[in-house]
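Please find the structures below.
There are two complexes below, and they share chain A, which is joined by chain B in the first and by chain C in the second.
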Partner chain A sequence: MATAEIAPIISGTKLAPGVQTVASDAELKKGPQIAPSAVIQLQTEEISVELSQTPKVTVKFLAESPTARPKSVLFAALVHPKLRLRKPIPLEVSVQEGQVVLTWNETDEFACGVNTGEALDDFSKTVCSLYFYLNDSKVRLGENLEKVRRILSEYIELRQR
Partner chain B sequence: MKVHDFDKVVTKLGMETRDTTHRHAWLVHNGVTVVRTKRSHGNSKFIPEDLIRKQLHVSKDQFTGLHSCTVSKDDYIKILIEKRVIGPQAVAPA
Partner chain C sequence: MADAPIPSVVAMLVCDQVISEQGTGKKSLIGVFENINAAGFPVQTRLGIYAKLVDANGHYDILIRLVNLKDETRVADIKAILNATDPMACPELAINIVGIVLPVPGKYEFQLYANDAFLHRITMNAIQGGPQWLPPKSHQ
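Moving on, here comes the complex of A and B:
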């Protein structure tokens, strides 16, 4: 809920309503002249309404409370001394059972956390482990995981020293 | 999804595991790694079942069968062959 504070009035002068103008010397001799206040006229009209039936009141509830959390993020916070990102990884953000879940649909990889920051940290660790396993020369990969390795290599590379 | 259910499936399928910041599990069939999945450490950690199923390439019923013993490892391998997750290179020669 937004809150606002009213600035305190330090000093002020109560002025008469209307527009004041700077008087000329001639006018000052005549004394101060203040423009008359504008007269606002309110016109009211009474309308009688007879209700033939009970009025329907529709109340709409929000399906989910408004949140500042985006539905997708571009991940560019890879934390590993040997790896660097070539380009940001697009992640979908969702909430399941109170946990933030990040999903990289292209590779079916995911990460979880109690908040977005923790989930992003988890994703960084996950994707680093995955990169090293899939690029291990001793490991033979099936077609599906070979595809994942290729996609990973589009986004992540070894740092050159 | 409970940690116990995840570990039950991993053990049943004879997946290779490695503990780092997560428990990573890999299904190696005839020397070829065909499936991978993972979970966070800790019994209270959340495991999104739908995403684990996606990584394992199984439907909800098939996954339920995996941890309730109605789907065996052989059945699972057949599912992976049907879905072409296991290709010719990973199928044992006759």
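Moving on, here comes the complex of A and C:
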């Protein structure tokens, strides 16, 4: 699991659709096949190419398989047409009873999911609902919720049309 | 992300290949998919990733991380730099990757980060067996 190459996107060569697979049992026993043009990397190596929008691109294919689940994550994936983030929300990541739990310590808000991505989706929904609830003029807020509303407003704002 | 505003992702797709037209810079996405069928694993493949952002203005260190969702192990990290100079423009990321190895069948996720902040994710399924590509009858 250690080969990589980035192809410049100016090439228009059309390949057969689908995936190139190992064809025979004998080849399967050999393990992953290396494409003739691929660069073999024992650990990680940076490859630089020129792209139109991204001047420098590097790819790391990892020889080992470390977990991608971080202990903390900066949340910037707010999905709502009326809201945008002023700055990323720092979340702590933990696993409880097989569920990934994200905790926003400043407000004691949390979200969970079967993996980090689903927990982040859940957090996005939670925080959007909370923003609109706390900013509803019909709702009277206590001291704690008013504090949460203030903190939320530091991170989230209405999108300007 | 001290100064640069947080961009939003309006589209992110995985495909066989992204072609950028010389001159206009228009992107063509060839073979958009969400399932990869392979006779056996590990399998080596090539793919293209396309993402379109809004509200981007300034310098961004972009990271696209491929993760096996079964145990959230990292398969690959793809790094790029994005300099968005026009806040009204919608920058596009178009990256072709050759030789990517999927170790086992299952669900995989591409996670998009900008300046270490998580922006978006898309998933794809690696399936053992399934439909095989056959050449057109005229080539048989």
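Simple rule for what comes next: the second predicted complex is superposed on the first by the 95 of 161 C-alpha atoms of A that agree within 3 Å, B and C clash if a C-alpha of one lies under 4 Å from a C-alpha of the other, contacts with A are read in each partner's own complex, and residues count from 1 in each chain.
One rule holds in what follows: a residue touches a chain if its C-beta (ideal position, glycine included) is under 8 Å from a C-beta of that chain, and two chains touch if they have at least 3 such contacts.
Bear in mind the structure is a predicted one, so any value in this text is a computation, not a measurement.
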Per the contact definition in the header, classify A:F110: touching chain B only (first), chain C only (second), both, or neither. first
Most chain A residues touched (candidates chain B, chain C): C
Does chain B (first) or chain C (second) touch A:V73, or do both, or does neither? second
The intersection of the chain A residues contacting chain B with those contacting chain C is none
Contact residues on chain C for chain A in the complex? 1, 6, 8-9, 16-20, 22, 25, 27, 30-31, 36-40, 42-46, 48, 55, 62, 65, 67-69, 71-83, 91-101, 103, 109, 111, 114, 116-121, 123, 131-133, 135
The chain B residues in contact with chain A across the complex are 18, 20-22, 24, 26, 29, 31-36, 38, 40, 45-48, 51, 54-55, 57, 84-87, 89-90
Note: in the complex, chain A contacts chain C through residues 1-12, 14-23, 28, 31-35, 37-39, 51-62, 65-69, 73-78, 84-88, 115-117, 120
The chain A residues in contact with chain B across the complex are 96-97, 99, 101, 103, 108, 110, 112, 122, 125-126, 129-130, 133, 139-145
